[in-house]
Amino acid sequence: MDQTSLKRLLEEVASGAVSTDEALARLRLRASASLAEGVTLDLDREGRCGQPEVVLGQGKTLEQIRAAVSGLADAGQRALVTRLDPGHGESLLADYPQGLHLPEARLFVLGPSASEIGPPWPESGEAMVISAGAADRAVALEALATARFYGVSAGMASDVGVSGLHRLLPHAKALTEARLHIVVAGMEGALPSVVAGLFGKPVIAVPTSVGYGTGLGGLSAVLAMLNSCAAGVAVVNVDNGFGAGAMAAKIIGEAR
Amino acid sequence: MDQTSLKRLLEEVASGAVSTDEALARLRLRASASLAEGVTLDLDREGRCGQPEVVLGQGKTLEQIRAAVSGLADAGQRALVTRLDPGHGESLLADYPQGLHLPEARLFVLGPSASEIGPPWPESGEAMVISAGAADRAVALEALATARFYGVSAGMASDVGVSGLHRLLPHAKALTEARLHIVVAGMEGALPSVVAGLFGKPVIAVPTSVGYGTGLGGLSAVLAMLNSCAAGVAVVNVDNGFGAGAMAAKIIGEAR
Amino acid sequence: MDQTSLKRLLEEVASGAVSTDEALARLRLRASASLAEGVTLDLDREGRCGQPEVVLGQGKTLEQIRAAVSGLADAGQRALVTRLDPGHGESLLADYPQGLHLPEARLFVLGPSASEIGPPWPESGEAMVISAGAADRAVALEALATARFYGVSAGMASDVGVSGLHRLLPHAKALTEARLHIVVAGMEGALPSVVAGLFGKPVIAVPTSVGYGTGLGGLSAVLAMLNSCAAGVAVVNVDNGFGAGAMAAKIIGEAR
Amino acid sequence: MDQTSLKRLLEEVASGAVSTDEALARLRLRASASLAEGVTLDLDREGRCGQPEVVLGQGKTLEQIRAAVSGLADAGQRALVTRLDPGHGESLLADYPQGLHLPEARLFVLGPSASEIGPPWPESGEAMVISAGAADRAVALEALATARFYGVSAGMASDVGVSGLHRLLPHAKALTEARLHIVVAGMEGALPSVVAGLFGKPVIAVPTSVGYGTGLGGLSAVLAMLNSCAAGVAVVNVDNGFGAGAMAAKIIGEAR
Amino acid sequence: MDQTSLKRLLEEVASGAVSTDEALARLRLRASASLAEGVTLDLDREGRCGQPEVVLGQGKTLEQIRAAVSGLADAGQRALVTRLDPGHGESLLADYPQGLHLPEARLFVLGPSASEIGPPWPESGEAMVISAGAADRAVALEALATARFYGVSAGMASDVGVSGLHRLLPHAKALTEARLHIVVAGMEGALPSVVAGLFGKPVIAVPTSVGYGTGLGGLSAVLAMLNSCAAGVAVVNVDNGFGAGAMAAKIIGEAR
Amino acid sequence: MDQTSLKRLLEEVASGAVSTDEALARLRLRASASLAEGVTLDLDREGRCGQPEVVLGQGKTLEQIRAAVSGLADAGQRALVTRLDPGHGESLLADYPQGLHLPEARLFVLGPSASEIGPPWPESGEAMVISAGAADRAVALEALATARFYGVSAGMASDVGVSGLHRLLPHAKALTEARLHIVVAGMEGALPSVVAGLFGKPVIAVPTSVGYGTGLGGLSAVLAMLNSCAAGVAVVNVDNGFGAGAMAAKIIGEAR
Amino acid sequence: MDQTSLKRLLEEVASGAVSTDEALARLRLRASASLAEGVTLDLDREGRCGQPEVVLGQGKTLEQIRAAVSGLADAGQRALVTRLDPGHGESLLADYPQGLHLPEARLFVLGPSASEIGPPWPESGEAMVISAGAADRAVALEALATARFYGVSAGMASDVGVSGLHRLLPHAKALTEARLHIVVAGMEGALPSVVAGLFGKPVIAVPTSVGYGTGLGGLSAVLAMLNSCAAGVAVVNVDNGFGAGAMAAKIIGEAR
Amino acid sequence: MDQTSLKRLLEEVASGAVSTDEALARLRLRASASLAEGVTLDLDREGRCGQPEVVLGQGKTLEQIRAAVSGLADAGQRALVTRLDPGHGESLLADYPQGLHLPEARLFVLGPSASEIGPPWPESGEAMVISAGAADRAVALEALATARFYGVSAGMASDVGVSGLHRLLPHAKALTEARLHIVVAGMEGALPSVVAGLFGKPVIAVPTSVGYGTGLGGLSAVLAMLNSCAAGVAVVNVDNGFGAGAMAAKIIGEAR
């Protein structure tokens, strides 16, 4: 709870404009909305953190997801659901035909501009998403669509891994003009180091679970990225395209 | 090598202004300077990446470090040496009395504004470094001084870990006004999640090796930070204060 | 085998009241009941440990589970079966319609007060179960129902993770009045540290397998909880809601 | 910050008894005391959590430790310093000759009853500390002295590991009468399971780094303890005698 | 190839009784029989190692398994197939109705005494198999039947884990009279240490994958068993009942 | 991009034979072909690296695989698809009946000599593939067929693991005459060390995921192979038959 | 406590020959002797387990070790101290000049036949210790001397690892005549599989910490040995020569 | 033992030219020379494997190393000692002043051409050693000198890691002309993938322990290299410059 709003509330209590019970209630009411199925929404997150509440679809029942989405809709807020089973996505689309279901990116979006978030995917923007292999595409799209959900102009360059670095060349202009790079790679996870060394932008590195054997479900890529010898690389969880897109949106939000 | 400068060079070759041998030589000369002791400097890094070459002191002999620092000085560039043994730092200070040796942060700085990088440490700035425990201070100072080396206005809030979160309160104003937070924590590594949830700024999380037993030399904190349930957290290597400071400088550089 | 009952038996042997063969037989008879399918019940556990034998459903065939439940019923003891496949639970309910099947918590309960253990779930009690996310609900319910099976008054606060700590506020009164907290969290596992720091009660931390990538099936949460910088946190196995509930019941049993 | 005191403060503001600036200042003043060397003390912890602030000696310089101890002394609070280098302990004892230095347990204690915390070590009490091997003694003493610092009556049974379980017999009476057991073991970490199975008390299991090879510095014992098949076992970090003692004190505090 | 038979062959060559080509052929012919599907049988293993070739069913196609079994049958040798899918076992039984299929132990046996290897399972013998939980029964039966296949008199005691050690008592006589113990346990893997400490026989410890979370698929039990503080414990792979039975047979074979 | 061709291009630009735009375009055109579904082909790889582009089938949709194969076919290049689902392989064969589908090796080959790559498998050649067990056969075939795709004469010796080393004898001549050995083994991964010690050829070691429990999906074999005490052993990823075959082809290509 | 002696005691109580208090005391007195410094000796271990109590030197202070050795000596028992610092060994030798200090094996032996346990080391015996490299010698000697301490005739074959298996030949006769093999190896840990495959004896595999990098302090060797494809291999902890020697003594003791 | 020489020996036995005892003796005599201190030399390795016996210095006493070197010298063979403590190297140089001690590479060489193996280090050759950072130089020199010991023409390119790839350009000619590349890198271990993608030569990847935190002593680099998406990369142990040099020598030896 930030100092400024706390102070304002204290002054209103002091002036009698607000009773102490009312003040306590307000503190509570703002906090959250408790729904069925054990779901509690953080409806004040946009005010506090600059980004609205997001619903992690994984591990939740369809009922829990529905409760969360309708809770956000009832509060007049936009909704982004991530890591969604395709079937759950179809059900949400049946509930909210005006929403946008992106099954490859495992996302569902509800809100005024939902339709503007989906394809065709741009090839340039303030944030550029670069993916190492075609198999990393789902995670890259999750990052791209998340950034766009948060209002960031974002583009994509696909399948340009370190075993053929010259494939980066056609994208050189877009990469040079972007403010930051989201680099998505599995296997040995070397692409973020190389991109950071070549272009010098801040790099949000997204390891993916693409690989086998000693890839350890993405852990090898995580380790490689954390140990990058290039300056300006920071890492999010395996396959966490959402996290990278949200981080990019916060960084670019601060840059405006 | 970016497309624009390559095209310009091609045009100069085409116009006869530059011979092909000269062109090839230029490409090579810009590349690097090969010194004694197996050290090769990347003197063009600032042009390419926006930040000058940095010397990682760890694992290098004093001779290798000296060769690198004098190579940078000869090229008229500033120098930052990181993860420096105290003895090596003393030797560098004897060589370059105008330099700045920060033994707690294990840094040595050489260049016009070296003296302005050191203490007293500010309590506010564009980038705020927040450390969980007093034992995390060395890494926090490495991040702070690195950010300042790169021209970022940066401040610090110390010893405000999750077992007593109210200790964050006196720093609330500075934290709210900063553009990003560098959060330094060992042990369970929970502070970045909490700070990201409270303030909503982009958080560069720096796990430290502070802890014991299942702390696994910082690996537990790495894992906690990568698994943060808060949006807007990205992670660098254990004890990598330099990496966090450089990332912060790149982000803030893009924001200007 | 405790000293007191051993001494009493020795005295009975000495007095001739009990023959040595009888003494040896008694020692054996009390020990256990060997059933079909390789199942051996510890029918004396309640006498020895204060809590009756419990049947771990995982890894057992339906026949083994049935043998155990009927063995306990035949001995006039209550039965709790944990980590039960839904199908096995349905079969047990068909066998014992007076029992309680809680599929979300993967539990089956047989005994006088079975019906009093299930929903509606209280919001306060001697033990408070706090869960970080809606996806942790199954484990939280397992802890809650186990504690209630053992006669503890227990309540629950759901979906109040560290990315929005103010969601704890509506539960502040119940949390302050409880004797201990069971804190259930996956992902970065930070909630136990924060709750221990805010309320100061003994915290039984239950890591869950909720998460992905570097969550490592709950191992990251385990490590974070073991490395808690807050005093008064102890940890059970991943998803071990039963273990937490049983521990809580023992602690509160000693407190009476 | 708990609801009750927040409400009281709001009422005082509402009544005009306290100005808003004063209210804000009070919130801040209570929070913490910022000392030299990056140390911030949580002076309100006893009020909030029932146990005073403790100083983790590991990873801190002597200057940081001294700053913390004198800060606590100046605030009229007792001090417990843990995981202390012997040299640092000697220095503290020179500063505060009335304090108690327990080098084997790596503790320093300052306060009215410091002398009552040390040896001779009792053999019975509300909390019984049981150690598997003679090499686990340092950790066991840390747990024992910590519990006593927090006012718990505690005793010890040493060197009674699973390879010779009958060595538990002479301690059977004390173990049966205690409210809880702290079980300290390295190597295979089997003792907590066995003790929980025999006596049925709540067991706080403390893995130690005693062992070699696949002991993995205590990690094997951690894993064994987390996987205990006995109900009523919860685990703290490797060698974390302090954590076990503090947890015991909280549990017994709630039991009174 | 052992020195004695090599010397005999050399003498036969020297005496002219055997030609050099014949000698070389013999060396080759004894070595192995190459079958279809990439299977090569080691038909001389019984002569060399005292135990006939065994067929690991896991990872092999039904065709590969059939080729191996018929190869052994054609060579007049007994056959033991381990880790067999139930369907593959049914197919083998259809091929060889005189064989023995033990689906719970995942074994198929072919040979004169096949029928004598199966149930009813004895409760005493030269080798005693002790299992901690009912869920460990499949692995325990694999060990028991393997030992019996190799001609060892072996018995079993089931479901006598460390959380209720007194369940060992009814088996005390059989355990004391056996020459060695095979102890099968998952979860914390503590039973081998306890049995070795109580009875002092050589213990072959078999970790099982029974457990969850930090059980890590049996790795925690492996580590606990390798770190046993009791002398006389050696460990085989997770769920490797076959390996334990074969080891037991070799030890008892040497003891005759 | 190599110096020689860059210099030639520069000279052509200097002479006016090539315009700067044309030069830039050529640099770009050579680089890659961007297809639908996020696939970018590296059509110049054979010129640059001596081996044509290969399509990793794993993690790709059938549409992505088809786009890649038709892209290669359109460019007049041969195609090798690896780690292919059987169903995807059938679909490709329906598209290109002249291709070769090797379901056991999970490969699809398209090009002039496709039919010559498949069975019958030779028993000798420049490269010898040696597999430890019948269950390692799929990976061994992947290595064998890959080497043959790249024009290497290669043979195979199957099921000759370390528990019966004399099974190597019938292959001694072929093994002695080969230029290098690819050794494929799961479980303890000991075969490469033994083969390197006996024959002294360069050994490419391929760990497989054959095994269970502490085999850790092939990681134990990886570790054993990396720690080989025999000189001349280098290791590829778990189950990476393709990588071993390609490495062999490069080595033998250099040897001609 | 075994059934037979318990029954005898019960009969004596029944006959009045022993009072109940006396019986209880006897049970206690036999159990253990509690010494200074937290050391508790298991003086009845030889009666119960067939091998006397052994003192693990690692992690104990010299005072603790001295207390244990003199406790054993006072009880008229032999003493074996393992994993001893050289300095502690020298101190014990000064205390007990009739003892045997083997610094390379880190052992100290006290008792009638101490001098017969040391060098010269035999080359044959009931148990043969086989070591892979010269650097494994210390662990091999620990196993050899331990077996001899327990009265086993044991011999050694050194430095015969898998990279030159023919070095085993000169030892073939001794290896064939032994009852079991203790195989000591670091690095890839392949020797036990090969020896078991060649000779067919029961193999106690001792991984050592010899190696570097991915040797992981012996863990790679542990994993290789647990995954042995040869039947008849069981594994003890890293560098646990004592454990292997004790296991061998138990096996051979049963074989007599 | 290869078939050809075995057959020849058999024929000599058959012809009476060699007695059976003599034949057996020869088999034994060729095998090895057993020295003091538990060292057994494999004097026939060059005949069998094409490379002479090498002495691993690590973990051996000076006496063991001396015994091995003099054993090789007595047999008229060249000697290479690796991973040598500087002090041990000085002692060997005092014993054999004509030898070559390379302390940075931790090698000692004895033999006719020892002096030709050392510096100055060439910049081109059949094998090119490429190191990522100045701190990797010791391992790179170990690889370089080992390859030269085995008669390979080898050169080096230093400090050309992925954060500034253009530093590879001045070495492009030498890299293009070499037959294979040894790529030495710590931290994220990305250089082998990039070099293999750019030049297409077979790459022997050598991970180093350079790094910190999640570098895990070189394990992160190992994983990255094993997961390389570029074809033609095989990996040796961490810091195993010797292994890479020996592998290179074997490959180039086959190529002649």
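Note that the chains are named A, B, C, D, E, F, G and H in the order they appear, and that numbering of residues resets to 1 at the start of each chain.
We take it that a contact is a pair of C-beta atoms (placed from the backbone, for glycine too) under 8 Å apart; a residue touches a chain by one contact, two chains touch by 3 or more.
Computed from a predicted model, the values in this text were never measured in an experiment.
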Both-way neighbours, i.e. chains that touch chain G and touch chain F: E, H
Remotest chain, chain A as reference, centres from CA atoms: G
Shared interface numbering between chain H and chain G [over half = same, under half = different]: different
Centre-of-Cα separation between chain B and chain A, whole angstrom: 26
Interchain centroid distance [CA atoms averaged], chain C/chain E, Å: 37
Cα-centroid distance, chain B relative to chain E, in whole angstrom: 58
Sequence positions of chain G contacting 2 or more other chains: 1, 3, 45, 133, 163-164, 169, 196-198, 213-215, 219, 222, 226-228, 231, 237-238
Contacting chain pairs - touch in the sense defined above: A-B, A-C, A-D, A-F, A-H, B-C, B-D, B-F, B-H, C-D, C-E, C-G, D-E, D-G, E-F, E-G, E-H, F-G, F-H, G-H
Interface residues, chain C side, partner chain A - complex: 131, 133-135, 137, 140, 158-160, 163-164, 166-167, 169-170, 210, 212-215
Footprint of chain A on chain B - complex, ascending: 2-4, 45, 48-51, 54, 169, 172-173, 176, 179-180, 196-202, 204-205, 222, 226-228, 231-238, 242-244, 246-247, 250-251, 254-255
Residue ranges of chain H in contact with chain E within the complex: 3, 6-7, 10-11, 13-14, 16, 19-20, 23-24
Chain H residues touching chain A - in the complex, by the definition given at the top: 132-133, 161-165, 187-190, 193-194, 196-198, 211, 213-216, 219-231
Chain C partner contacts - residues on chain A that touch it in the complex: 1, 27-28, 30-32, 34, 37-40, 42, 44-45, 56, 58-60, 64, 68, 83, 207, 209, 217-219, 222, 237-240
